[in-house]
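Order as written gives the chain letters A, B, C and D; numbering starts at 1 within each chain.
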Amino acid sequence: MNLSDERRGDVLIVRPEGRIDTNTSEELERWLMSRIDGSLKRLVVDMSGIDYISSAGLRVLLMTVKKLRGSGGQLVLGGLNPSVRQIFELAGFLSIFAVEADVDRAVAKLTGAAAGA
Amino acid sequence: MNLSDERRGDVLIVRPEGRIDTNTSEELERWLMSRIDGSLKRLVVDMSGIDYISSAGLRVLLMTVKKLRGSGGQLVLGGLNPSVRQIFELAGFLSIFAVEADVDRAVAKLTGAAAGA
Amino acid sequence: MTFEPAQLSLSVAGSSSGIERVCESFETFSSAHALPDDVRRSIQVVLDELLSNTVRCGKVGERPLTIEVGFRLEPDALRVEILDDGTPFNPLEREAPDTTLPLEQRPVGGLGVMLVRNLVDQITYDFEEGRNRVLLRKRLET
Amino acid sequence: MTFEPAQLSLSVAGSSSGIERVCESFETFSSAHALPDDVRRSIQVVLDELLSNTVRCGKVGERPLTIEVGFRLEPDALRVEILDDGTPFNPLEREAPDTTLPLEQRPVGGLGVMLVRNLVDQITYDFEEGRNRVLLRKRLET
(Lines give C-alpha, C1' and ligand atoms only; values in the text may rest on other atoms or scores of the structure.)
Protein backbone atom coordinates (compact mmCIF):
# COMPACT_ATOMS: atom_id res chain seq x y z
CA MET A 1 0.00 0.00 0.00
CA ASN A 2 1.23 3.44 -0.98
CA LEU A 3 0.16 6.37 1.21
CA SER A 4 0.42 10.07 0.46
CA ASP A 5 -1.34 13.27 1.40
CA GLU A 6 -1.96 16.78 0.21
CA ARG A 7 -3.31 19.98 1.76
CA ARG A 8 -5.80 22.28 0.02
CA GLY A 9 -6.47 25.19 2.37
CA ASP A 10 -7.74 23.65 5.58
CA VAL A 11 -8.69 20.40 3.88
CA LEU A 12 -6.38 17.42 4.24
CA ILE A 13 -6.58 14.97 1.35
CA VAL A 14 -5.20 11.52 2.01
CA ARG A 15 -4.58 9.14 -0.83
CA PRO A 16 -4.07 5.43 -0.13
CA GLU A 17 -3.22 3.29 -3.15
CA GLY A 18 -3.51 -0.44 -3.75
CA ARG A 19 -5.87 -2.71 -1.85
CA ILE A 20 -7.26 -2.28 1.63
CA ASP A 21 -7.48 -5.70 3.22
CA THR A 22 -6.62 -7.35 6.53
CA ASN A 23 -2.90 -7.08 5.91
CA THR A 24 -2.79 -3.46 4.77
CA SER A 25 -5.54 -2.02 6.96
CA GLU A 26 -3.33 -1.76 10.03
CA GLU A 27 -0.93 0.49 8.18
CA LEU A 28 -3.82 2.62 6.95
CA GLU A 29 -5.25 2.75 10.47
CA ARG A 30 -2.00 4.00 12.00
CA TRP A 31 -1.57 6.53 9.22
CA LEU A 32 -5.11 7.94 9.45
CA MET A 33 -5.05 8.02 13.24
CA SER A 34 -1.77 9.94 13.23
CA ARG A 35 -3.36 12.57 11.00
CA ILE A 36 -6.56 13.02 12.93
CA ASP A 37 -5.91 15.18 15.91
CA GLY A 38 -8.20 17.62 17.64
CA SER A 39 -7.30 20.40 15.22
CA LEU A 40 -8.14 18.65 11.95
CA LYS A 41 -11.70 19.49 10.90
CA ARG A 42 -11.86 18.58 7.22
CA LEU A 43 -10.64 15.32 5.78
CA VAL A 44 -11.01 13.88 2.28
CA VAL A 45 -10.03 10.32 1.50
CA ASP A 46 -9.26 9.95 -2.19
CA MET A 47 -10.22 6.37 -2.98
CA SER A 48 -9.46 6.51 -6.72
CA GLY A 49 -6.25 4.55 -6.23
CA ILE A 50 -7.96 1.75 -4.31
CA ASP A 51 -8.50 -1.45 -6.25
CA TYR A 52 -10.64 -3.21 -3.64
CA ILE A 53 -11.58 -2.92 0.01
CA SER A 54 -12.56 -5.64 2.46
CA SER A 55 -14.32 -5.35 5.82
CA ALA A 56 -11.00 -4.67 7.57
CA GLY A 57 -10.80 -1.46 5.55
CA LEU A 58 -14.42 -0.54 6.26
CA ARG A 59 -13.62 -0.89 9.95
CA VAL A 60 -10.76 1.60 9.68
CA LEU A 61 -12.91 4.12 7.82
CA LEU A 62 -15.68 3.72 10.40
CA MET A 63 -13.27 4.30 13.27
CA THR A 64 -11.88 7.34 11.46
CA VAL A 65 -15.23 9.01 10.90
CA LYS A 66 -16.35 8.25 14.45
CA LYS A 67 -13.23 9.80 15.89
CA LEU A 68 -13.36 12.80 13.57
CA ARG A 69 -17.01 13.57 14.27
CA GLY A 70 -16.30 13.18 17.96
CA SER A 71 -14.03 16.22 17.73
CA GLY A 72 -16.39 18.12 15.42
CA GLY A 73 -14.67 17.21 12.16
CA GLN A 74 -16.00 16.00 8.82
CA LEU A 75 -14.95 13.32 6.36
CA VAL A 76 -15.83 13.04 2.67
CA LEU A 77 -14.78 10.19 0.40
CA GLY A 78 -14.22 10.53 -3.32
CA GLY A 79 -13.36 8.40 -6.34
CA LEU A 80 -14.70 4.98 -5.39
CA ASN A 81 -14.49 2.46 -8.23
CA PRO A 82 -17.64 0.38 -8.88
CA SER A 83 -16.43 -2.56 -6.79
CA VAL A 84 -15.55 -0.40 -3.82
CA ARG A 85 -18.88 1.38 -4.16
CA GLN A 86 -20.69 -1.95 -4.17
CA ILE A 87 -18.99 -2.93 -0.92
CA PHE A 88 -20.06 0.37 0.63
CA GLU A 89 -23.60 -0.26 -0.53
CA LEU A 90 -23.74 -3.81 0.86
CA ALA A 91 -22.37 -2.64 4.20
CA GLY A 92 -24.87 0.22 4.43
CA PHE A 93 -21.96 2.68 4.40
CA LEU A 94 -23.49 5.00 1.79
CA SER A 95 -25.92 6.24 4.43
CA ILE A 96 -23.27 6.99 7.03
CA PHE A 97 -20.49 8.35 4.80
CA ALA A 98 -20.50 11.36 2.52
CA VAL A 99 -19.39 9.97 -0.84
CA GLU A 100 -18.62 12.08 -3.91
CA ALA A 101 -17.72 11.05 -7.45
CA ASP A 102 -14.17 12.37 -7.26
CA VAL A 103 -11.75 14.14 -4.99
CA ASP A 104 -12.49 17.63 -6.34
CA ARG A 105 -16.16 17.26 -5.61
CA ALA A 106 -15.28 15.89 -2.18
CA VAL A 107 -13.19 18.97 -1.41
CA ALA A 108 -15.92 21.24 -2.78
CA LYS A 109 -18.46 19.56 -0.55
CA LEU A 110 -16.37 20.41 2.50
CA THR A 111 -15.53 23.97 1.52
CA GLY A 112 -18.97 24.80 0.14
CA ALA A 113 -17.43 25.80 -3.22
CA ALA A 114 -18.77 24.68 -6.62
CA ALA A 115 -17.35 21.36 -7.81
CA GLY A 116 -14.34 21.40 -10.09
CA ALA A 117 -14.55 19.99 -13.62
CA MET B 1 -1.63 -28.29 36.83
CA ASN B 2 0.26 -31.16 38.37
CA LEU B 3 1.01 -34.17 36.12
CA SER B 4 2.18 -37.62 37.12
CA ASP B 5 2.00 -41.16 35.83
CA GLU B 6 2.20 -44.74 36.95
CA ARG B 7 2.57 -48.12 35.22
CA ARG B 8 0.54 -51.20 36.15
CA GLY B 9 1.68 -54.02 33.90
CA ASP B 10 1.12 -52.80 30.35
CA VAL B 11 -1.35 -50.12 31.45
CA LEU B 12 -0.14 -46.54 31.71
CA ILE B 13 -2.10 -44.47 34.24
CA VAL B 14 -1.79 -40.72 33.87
CA ARG B 15 -2.95 -38.44 36.61
CA PRO B 16 -3.48 -34.74 35.93
CA GLU B 17 -4.44 -32.61 38.92
CA GLY B 18 -6.12 -29.23 39.15
CA ARG B 19 -8.31 -27.73 36.46
CA ILE B 20 -8.24 -28.39 32.74
CA ASP B 21 -9.03 -25.14 30.98
CA THR B 22 -7.70 -23.12 28.05
CA ASN B 23 -4.53 -22.19 29.89
CA THR B 24 -3.63 -25.62 31.21
CA SER B 25 -4.86 -27.77 28.31
CA GLU B 26 -1.79 -27.10 26.18
CA GLU B 27 0.44 -28.55 28.86
CA LEU B 28 -1.82 -31.58 29.16
CA GLU B 29 -1.87 -31.96 25.39
CA ARG B 30 1.92 -31.99 25.11
CA TRP B 31 2.18 -34.38 28.01
CA LEU B 32 -0.38 -36.87 26.71
CA MET B 33 0.95 -36.72 23.16
CA SER B 34 4.47 -37.45 24.38
CA ARG B 35 3.19 -40.58 26.10
CA ILE B 36 1.16 -41.95 23.23
CA ASP B 37 3.41 -43.61 20.76
CA GLY B 38 2.76 -46.57 18.52
CA SER B 39 3.66 -49.05 21.24
CA LEU B 40 1.25 -47.84 23.95
CA LYS B 41 -1.95 -49.84 23.80
CA ARG B 42 -3.62 -49.26 27.16
CA LEU B 43 -4.08 -45.86 28.74
CA VAL B 44 -6.05 -44.82 31.80
CA VAL B 45 -6.60 -41.18 32.66
CA ASP B 46 -7.27 -40.81 36.38
CA MET B 47 -9.57 -37.79 36.60
CA SER B 48 -10.10 -37.88 40.36
CA GLY B 49 -7.74 -34.96 40.87
CA ILE B 50 -9.52 -32.77 38.31
CA ASP B 51 -11.69 -30.03 39.78
CA TYR B 52 -13.30 -28.92 36.51
CA ILE B 53 -12.81 -29.30 32.77
CA SER B 54 -13.75 -26.89 29.99
CA SER B 55 -14.08 -27.57 26.26
CA ALA B 56 -10.34 -27.00 25.76
CA GLY B 57 -9.80 -30.09 27.90
CA LEU B 58 -12.45 -32.11 26.10
CA ARG B 59 -10.65 -31.30 22.87
CA VAL B 60 -7.38 -32.72 24.22
CA LEU B 61 -9.08 -35.92 25.40
CA LEU B 62 -10.80 -36.30 22.03
CA MET B 63 -7.51 -35.91 20.18
CA THR B 64 -5.89 -38.41 22.51
CA VAL B 65 -8.50 -41.11 22.02
CA LYS B 66 -8.55 -40.56 18.26
CA LYS B 67 -4.80 -40.91 18.03
CA LEU B 68 -4.71 -43.92 20.36
CA ARG B 69 -7.44 -45.80 18.50
CA GLY B 70 -5.70 -44.97 15.25
CA SER B 71 -2.81 -47.13 16.42
CA GLY B 72 -5.03 -49.82 17.91
CA GLY B 73 -4.91 -48.59 21.49
CA GLN B 74 -7.61 -48.09 24.12
CA LEU B 75 -8.37 -45.36 26.63
CA VAL B 76 -10.46 -45.58 29.78
CA LEU B 77 -11.22 -42.67 32.11
CA GLY B 78 -11.86 -43.03 35.81
CA GLY B 79 -12.80 -40.93 38.81
CA LEU B 80 -14.80 -38.07 37.29
CA ASN B 81 -16.37 -35.78 39.87
CA PRO B 82 -20.06 -34.92 39.33
CA SER B 83 -19.25 -31.61 37.59
CA VAL B 84 -16.78 -33.19 35.22
CA ARG B 85 -19.25 -35.95 34.52
CA GLN B 86 -21.96 -33.43 33.74
CA ILE B 87 -19.67 -31.75 31.19
CA PHE B 88 -19.03 -35.13 29.57
CA GLU B 89 -22.75 -35.75 29.45
CA LEU B 90 -23.58 -32.39 27.88
CA ALA B 91 -20.87 -32.84 25.28
CA GLY B 92 -22.06 -36.34 24.40
CA PHE B 93 -18.71 -37.71 25.52
CA LEU B 94 -20.17 -40.54 27.60
CA SER B 95 -21.02 -42.38 24.39
CA ILE B 96 -17.56 -42.08 22.86
CA PHE B 97 -15.42 -42.56 25.97
CA ALA B 98 -15.19 -45.53 28.29
CA VAL B 99 -15.79 -44.06 31.73
CA GLU B 100 -15.43 -45.97 35.01
CA ALA B 101 -16.15 -44.91 38.57
CA ASP B 102 -12.52 -45.00 39.66
CA VAL B 103 -9.05 -45.75 38.43
CA ASP B 104 -9.01 -49.37 39.66
CA ARG B 105 -12.13 -50.18 37.71
CA ALA B 106 -10.66 -48.38 34.70
CA VAL B 107 -7.54 -50.58 34.86
CA ALA B 108 -9.68 -53.67 35.34
CA LYS B 109 -11.72 -52.78 32.31
CA LEU B 110 -8.59 -52.73 30.19
CA THR B 111 -7.02 -55.87 31.60
CA GLY B 112 -10.25 -57.83 31.76
CA ALA B 113 -9.67 -58.50 35.49
CA ALA B 114 -12.32 -58.08 38.18
CA ALA B 115 -12.49 -54.57 39.60
CA GLY B 116 -10.49 -53.81 42.74
CA ALA B 117 -12.25 -52.78 45.94
CA MET C 1 -35.31 -8.07 56.13
CA THR C 2 -32.60 -6.25 54.24
CA PHE C 3 -30.21 -8.00 51.93
CA GLU C 4 -26.78 -6.63 51.21
CA PRO C 5 -25.61 -8.15 47.94
CA ALA C 6 -22.06 -9.40 47.77
CA GLN C 7 -20.46 -7.93 44.70
CA LEU C 8 -17.19 -8.00 42.90
CA SER C 9 -16.22 -6.49 39.60
CA LEU C 10 -12.95 -6.23 37.76
CA SER C 11 -11.58 -5.08 34.46
CA VAL C 12 -8.80 -7.01 32.76
CA ALA C 13 -6.87 -7.06 29.49
CA GLY C 14 -8.14 -9.50 26.87
CA SER C 15 -5.27 -11.95 27.27
CA SER C 16 -4.60 -15.27 28.95
CA SER C 17 -3.26 -13.55 32.05
CA GLY C 18 -6.41 -11.42 32.15
CA ILE C 19 -8.52 -14.60 32.10
CA GLU C 20 -6.38 -16.06 34.85
CA ARG C 21 -6.98 -13.00 37.00
CA VAL C 22 -10.75 -13.32 36.56
CA CYS C 23 -10.67 -17.01 37.46
CA GLU C 24 -8.62 -16.35 40.57
CA SER C 25 -10.85 -13.51 41.70
CA PHE C 26 -13.89 -15.69 41.25
CA GLU C 27 -12.24 -18.50 43.21
CA THR C 28 -11.68 -16.09 46.11
CA PHE C 29 -15.23 -14.77 45.81
CA SER C 30 -16.58 -18.35 45.85
CA SER C 31 -14.71 -19.26 49.01
CA ALA C 32 -15.62 -16.03 50.78
CA HIS C 33 -19.30 -16.66 50.16
CA ALA C 34 -19.14 -20.44 50.40
CA LEU C 35 -20.73 -21.00 47.01
CA PRO C 36 -21.75 -24.62 46.36
CA ASP C 37 -19.12 -26.63 44.49
CA ASP C 38 -21.26 -27.27 41.45
CA VAL C 39 -22.00 -23.56 41.05
CA ARG C 40 -18.35 -22.62 41.44
CA ARG C 41 -17.19 -25.21 38.93
CA SER C 42 -19.90 -24.43 36.40
CA ILE C 43 -19.12 -20.74 36.50
CA GLN C 44 -15.39 -21.42 36.18
CA VAL C 45 -16.09 -23.41 33.02
CA VAL C 46 -18.41 -20.70 31.71
CA LEU C 47 -15.79 -18.02 32.33
CA ASP C 48 -13.13 -20.04 30.58
CA GLU C 49 -15.34 -20.66 27.53
CA LEU C 50 -16.56 -17.12 27.11
CA LEU C 51 -13.37 -15.27 27.96
CA SER C 52 -11.08 -17.51 25.94
CA ASN C 53 -13.35 -17.14 22.91
CA THR C 54 -13.31 -13.39 23.25
CA VAL C 55 -9.54 -13.34 23.51
CA ARG C 56 -9.13 -15.71 20.57
CA CYS C 57 -11.81 -14.37 18.21
CA GLY C 58 -12.92 -11.00 19.45
CA LYS C 59 -9.99 -8.82 18.56
CA VAL C 60 -10.82 -5.98 16.17
CA GLY C 61 -7.73 -4.83 14.29
CA GLU C 62 -4.82 -3.69 16.40
CA ARG C 63 -6.75 -2.31 19.34
CA PRO C 64 -6.21 -4.30 22.57
CA LEU C 65 -9.36 -5.75 24.11
CA THR C 66 -10.73 -4.93 27.52
CA ILE C 67 -12.99 -7.30 29.39
CA GLU C 68 -15.07 -6.38 32.42
CA VAL C 69 -16.57 -9.01 34.66
CA GLY C 70 -18.97 -8.50 37.54
CA PHE C 71 -20.29 -11.05 40.06
CA ARG C 72 -23.25 -10.40 42.28
CA LEU C 73 -24.65 -12.77 44.84
CA GLU C 74 -28.41 -12.65 45.37
CA PRO C 75 -30.36 -14.69 47.90
CA ASP C 76 -31.14 -17.50 45.49
CA ALA C 77 -28.82 -16.95 42.54
CA LEU C 78 -25.45 -15.80 41.32
CA ARG C 79 -25.42 -13.22 38.55
CA VAL C 80 -22.46 -12.74 36.27
CA GLU C 81 -22.06 -9.88 33.83
CA ILE C 82 -19.40 -9.92 31.12
CA LEU C 83 -18.65 -6.90 28.94
CA ASP C 84 -16.10 -6.72 26.14
CA ASP C 85 -15.28 -4.25 23.42
CA GLY C 86 -14.51 -6.89 20.77
CA THR C 87 -16.35 -7.78 17.59
CA PRO C 88 -20.10 -8.25 18.04
CA PHE C 89 -20.87 -11.85 18.96
CA ASN C 90 -24.15 -13.22 20.21
CA PRO C 91 -23.67 -16.61 21.87
CA LEU C 92 -27.41 -17.29 21.68
CA GLU C 93 -27.41 -17.12 17.92
CA ARG C 94 -25.09 -20.00 17.38
CA GLU C 95 -26.62 -23.38 16.54
CA ALA C 96 -25.81 -26.24 18.89
CA PRO C 97 -23.32 -28.80 17.56
CA ASP C 98 -24.34 -32.41 17.03
CA THR C 99 -23.19 -34.24 20.16
CA THR C 100 -24.39 -37.64 18.99
CA LEU C 101 -21.84 -38.16 16.20
CA PRO C 102 -19.56 -41.18 16.47
CA LEU C 103 -15.94 -40.61 17.40
CA GLU C 104 -14.58 -40.56 13.85
CA GLN C 105 -16.88 -37.75 12.77
CA ARG C 106 -16.56 -35.65 15.91
CA PRO C 107 -15.03 -32.27 15.17
CA VAL C 108 -12.29 -31.31 17.61
CA GLY C 109 -13.86 -28.02 18.75
CA GLY C 110 -17.14 -26.14 18.71
CA LEU C 111 -18.46 -27.23 22.12
CA GLY C 112 -17.80 -24.17 24.28
CA VAL C 113 -20.86 -22.03 23.63
CA MET C 114 -23.14 -25.04 23.93
CA LEU C 115 -21.69 -25.87 27.35
CA VAL C 116 -22.22 -22.30 28.52
CA ARG C 117 -25.87 -22.39 27.52
CA ASN C 118 -26.39 -25.61 29.45
CA LEU C 119 -24.46 -24.73 32.58
CA VAL C 120 -26.44 -21.64 33.54
CA ASP C 121 -30.14 -21.07 34.05
CA GLN C 122 -30.47 -17.88 32.08
CA ILE C 123 -28.46 -15.93 29.52
CA THR C 124 -29.17 -12.61 27.89
CA TYR C 125 -27.08 -10.83 25.31
CA ASP C 126 -27.01 -7.32 23.96
CA PHE C 127 -24.64 -5.09 22.06
CA GLU C 128 -24.71 -1.58 23.36
CA GLU C 129 -22.40 1.39 23.07
CA GLY C 130 -19.91 -0.69 21.17
CA ARG C 131 -19.73 -3.50 23.70
CA ASN C 132 -20.91 -7.07 23.95
CA ARG C 133 -22.79 -7.68 27.16
CA VAL C 134 -23.60 -11.17 28.38
CA LEU C 135 -25.65 -11.57 31.54
CA LEU C 136 -25.79 -14.95 33.21
CA ARG C 137 -27.85 -16.25 36.09
CA LYS C 138 -27.12 -19.44 37.98
CA ARG C 139 -29.51 -20.67 40.68
CA LEU C 140 -27.90 -21.61 43.97
CA GLU C 141 -30.04 -24.67 44.63
CA THR C 142 -31.76 -27.05 42.27
CA MET D 1 -16.81 -29.15 -28.11
CA THR D 2 -14.44 -30.06 -25.31
CA PHE D 3 -13.64 -27.70 -22.50
CA GLU D 4 -10.39 -27.89 -20.62
CA PRO D 5 -10.91 -26.23 -17.26
CA ALA D 6 -8.26 -23.88 -16.03
CA GLN D 7 -7.39 -24.89 -12.50
CA LEU D 8 -5.11 -23.84 -9.72
CA SER D 9 -4.84 -25.14 -6.22
CA LEU D 10 -2.51 -24.43 -3.38
CA SER D 11 -2.00 -25.26 0.27
CA VAL D 12 -0.75 -22.62 2.68
CA ALA D 13 -0.16 -22.13 6.39
CA GLY D 14 -2.96 -20.39 8.28
CA SER D 15 -1.07 -17.12 8.73
CA SER D 16 -1.03 -13.67 7.18
CA SER D 17 1.76 -14.67 4.82
CA GLY D 18 -0.31 -17.70 3.79
CA ILE D 19 -3.22 -15.41 2.94
CA GLU D 20 -0.88 -13.17 0.98
CA ARG D 21 0.31 -16.13 -1.06
CA VAL D 22 -3.26 -17.09 -1.93
CA CYS D 23 -4.11 -13.53 -2.97
CA GLU D 24 -1.04 -13.29 -5.16
CA SER D 25 -1.70 -16.63 -6.81
CA PHE D 26 -5.27 -15.61 -7.52
CA GLU D 27 -4.05 -12.30 -8.97
CA THR D 28 -1.81 -14.22 -11.38
CA PHE D 29 -4.61 -16.64 -12.21
CA SER D 30 -6.97 -13.71 -12.90
CA SER D 31 -4.55 -12.06 -15.31
CA ALA D 32 -3.72 -15.30 -17.08
CA HIS D 33 -7.39 -15.95 -17.78
CA ALA D 34 -8.40 -12.31 -18.16
CA LEU D 35 -11.12 -12.51 -15.52
CA PRO D 36 -13.42 -9.47 -15.47
CA ASP D 37 -12.37 -6.83 -12.95
CA ASP D 38 -15.50 -7.08 -10.84
CA VAL D 39 -15.06 -10.85 -10.50
CA ARG D 40 -11.40 -10.52 -9.61
CA ARG D 41 -12.08 -7.83 -7.00
CA SER D 42 -15.05 -9.60 -5.48
CA ILE D 43 -13.11 -12.83 -5.09
CA GLN D 44 -10.15 -10.98 -3.59
CA VAL D 45 -12.47 -9.53 -0.96
CA VAL D 46 -14.08 -12.92 -0.34
CA LEU D 47 -10.67 -14.56 0.10
CA ASP D 48 -9.57 -11.88 2.53
CA GLU D 49 -12.75 -12.19 4.61
CA LEU D 50 -12.81 -15.97 4.82
CA LEU D 51 -9.10 -16.61 5.19
CA SER D 52 -8.49 -13.86 7.73
CA ASN D 53 -11.39 -15.13 9.83
CA THR D 54 -10.00 -18.65 9.73
CA VAL D 55 -6.56 -17.44 10.77
CA ARG D 56 -7.98 -15.23 13.53
CA CYS D 57 -10.69 -17.51 14.91
CA GLY D 58 -10.15 -20.98 13.57
CA LYS D 59 -7.15 -22.12 15.53
CA VAL D 60 -7.74 -25.21 17.67
CA GLY D 61 -5.28 -25.39 20.53
CA GLU D 62 -1.62 -25.40 19.58
CA ARG D 63 -1.89 -27.17 16.25
CA PRO D 64 -0.98 -24.93 13.29
CA LEU D 65 -3.71 -24.50 10.68
CA THR D 66 -3.51 -25.53 7.07
CA ILE D 67 -5.67 -23.92 4.41
CA GLU D 68 -6.20 -25.28 0.92
CA VAL D 69 -7.64 -23.16 -1.84
CA GLY D 70 -8.64 -24.26 -5.32
CA PHE D 71 -9.79 -22.15 -8.29
CA ARG D 72 -11.45 -23.61 -11.32
CA LEU D 73 -12.62 -21.67 -14.32
CA GLU D 74 -15.70 -22.99 -16.07
CA PRO D 75 -17.29 -21.57 -19.24
CA ASP D 76 -19.68 -19.30 -17.37
CA ALA D 77 -18.43 -19.23 -13.79
CA LEU D 78 -15.49 -19.28 -11.46
CA ARG D 79 -15.54 -21.85 -8.69
CA VAL D 80 -13.53 -21.48 -5.53
CA GLU D 81 -13.05 -24.20 -2.94
CA ILE D 82 -11.62 -23.45 0.51
CA LEU D 83 -10.69 -26.18 2.98
CA ASP D 84 -9.33 -25.67 6.46
CA ASP D 85 -8.69 -27.90 9.46
CA GLY D 86 -9.75 -25.31 12.05
CA THR D 87 -12.74 -25.25 14.38
CA PRO D 88 -16.06 -26.00 12.66
CA PHE D 89 -17.61 -22.79 11.33
CA ASN D 90 -20.55 -22.53 8.97
CA PRO D 91 -20.68 -19.06 7.39
CA LEU D 92 -24.27 -19.65 6.27
CA GLU D 93 -25.45 -20.04 9.84
CA ARG D 94 -24.53 -16.58 10.96
CA GLU D 95 -27.28 -13.95 11.04
CA ALA D 96 -26.72 -10.84 8.93
CA PRO D 97 -25.78 -7.71 10.89
CA ASP D 98 -28.05 -4.66 10.83
CA THR D 99 -26.59 -2.38 8.15
CA THR D 100 -29.16 0.37 8.66
CA LEU D 101 -28.00 1.52 12.10
CA PRO D 102 -26.89 5.13 12.44
CA LEU D 103 -23.19 5.84 12.80
CA GLU D 104 -23.15 6.05 16.58
CA GLN D 105 -24.62 2.58 17.00
CA ARG D 106 -22.61 0.87 14.29
CA PRO D 107 -20.38 -1.84 15.68
CA VAL D 108 -16.84 -1.73 14.35
CA GLY D 109 -16.77 -5.25 12.94
CA GLY D 110 -19.07 -8.09 12.00
CA LEU D 111 -19.45 -7.32 8.28
CA GLY D 112 -17.15 -9.86 6.64
CA VAL D 113 -19.35 -12.93 6.36
CA MET D 114 -22.27 -10.81 5.15
CA LEU D 115 -20.12 -9.36 2.36
CA VAL D 116 -19.03 -12.83 1.29
CA ARG D 117 -22.62 -14.00 1.00
CA ASN D 118 -23.49 -11.01 -1.15
CA LEU D 119 -20.46 -11.03 -3.43
CA VAL D 120 -20.87 -14.54 -4.82
CA ASP D 121 -23.80 -16.27 -6.49
CA GLN D 122 -23.70 -19.48 -4.55
CA ILE D 123 -22.14 -20.83 -1.37
CA THR D 124 -22.23 -24.28 0.10
CA TYR D 125 -20.66 -25.43 3.34
CA ASP D 126 -19.90 -28.80 4.84
CA PHE D 127 -17.70 -30.23 7.56
CA GLU D 128 -16.19 -33.50 6.52
CA GLU D 129 -13.27 -35.56 7.73
CA GLY D 130 -12.37 -32.90 10.22
CA ARG D 131 -12.28 -30.04 7.74
CA ASN D 132 -14.43 -27.03 6.91
CA ARG D 133 -15.20 -26.89 3.22
CA VAL D 134 -16.66 -23.79 1.60
CA LEU D 135 -17.55 -23.91 -2.09
CA LEU D 136 -18.23 -20.65 -3.88
CA ARG D 137 -19.53 -19.93 -7.36
CA LYS D 138 -19.27 -16.57 -9.08
CA ARG D 139 -20.89 -16.03 -12.49
CA LEU D 140 -18.66 -14.46 -15.10
CA GLU D 141 -21.34 -12.24 -16.60
CA THR D 142 -24.39 -10.68 -15.08
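Just so we're on the same page, a contact is a pair of C-beta atoms (placed from the backbone, for glycine too) under 8 Å apart; a residue touches a chain by one contact, two chains touch by 3 or more.
In this text, all values refer to a predicted model and were calculated from it rather than measured experimentally.
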Worksheet entry | Whole-Å gap separating subunit A and subunit C, where each centre is the average of the chain's CA atoms | 38
Worksheet entry | Computed distance of Cα centres, subunit B from subunit A, in Å | 56
Fill in: Centre-to-centre distance between subunit D and subunit A (centres being mean Cα positions), rounded to whole Å
26
Worksheet entry | Overlap residues in subunit B, where contacts from two or more other chains coincide | 56, 59, 63
Item to complete: Any chance you could list the residues of subunit C touching two or more other chains?
Response: 60, 108-109
Worksheet item: If each chain is a dot and touching chains are joined, what shape do you get: line, ring, star, complete or other?
Response: other
Discussion item. Once the touch criterion is applied, which pairs of chains come out as touching?
Written reply: A-C, A-D, B-C, B-D, C-D
Worksheet item: Can you list the residues on subunit D that touch subunit B in the complex?
Response: 60-62
Worksheet item: Which of the residues in subunit D end up touching subunit A in this complex?
Response: 16, 19-20, 23, 37-38, 41-42, 44-45, 48-49, 52, 99-104, 106, 108-109, 111-112, 114-115, 118-119
Worksheet item: Along subunit A, where are the residues that touch subunit C in the complex?
Response: 25-26, 29-30, 56, 59-60, 63
Worksheet item: In the complex of these two chains, what residues of subunit C are touching subunit D?
Response: 56-57, 59-60, 86-88, 90, 93-95, 97, 107-110, 127, 130
Worksheet item: For subunit B, which residues count as touching subunit C in their complex?
Response: 19, 21-23, 51-56, 58-59, 62-63, 65-66, 69, 82-83, 86-87, 90-92, 95-96
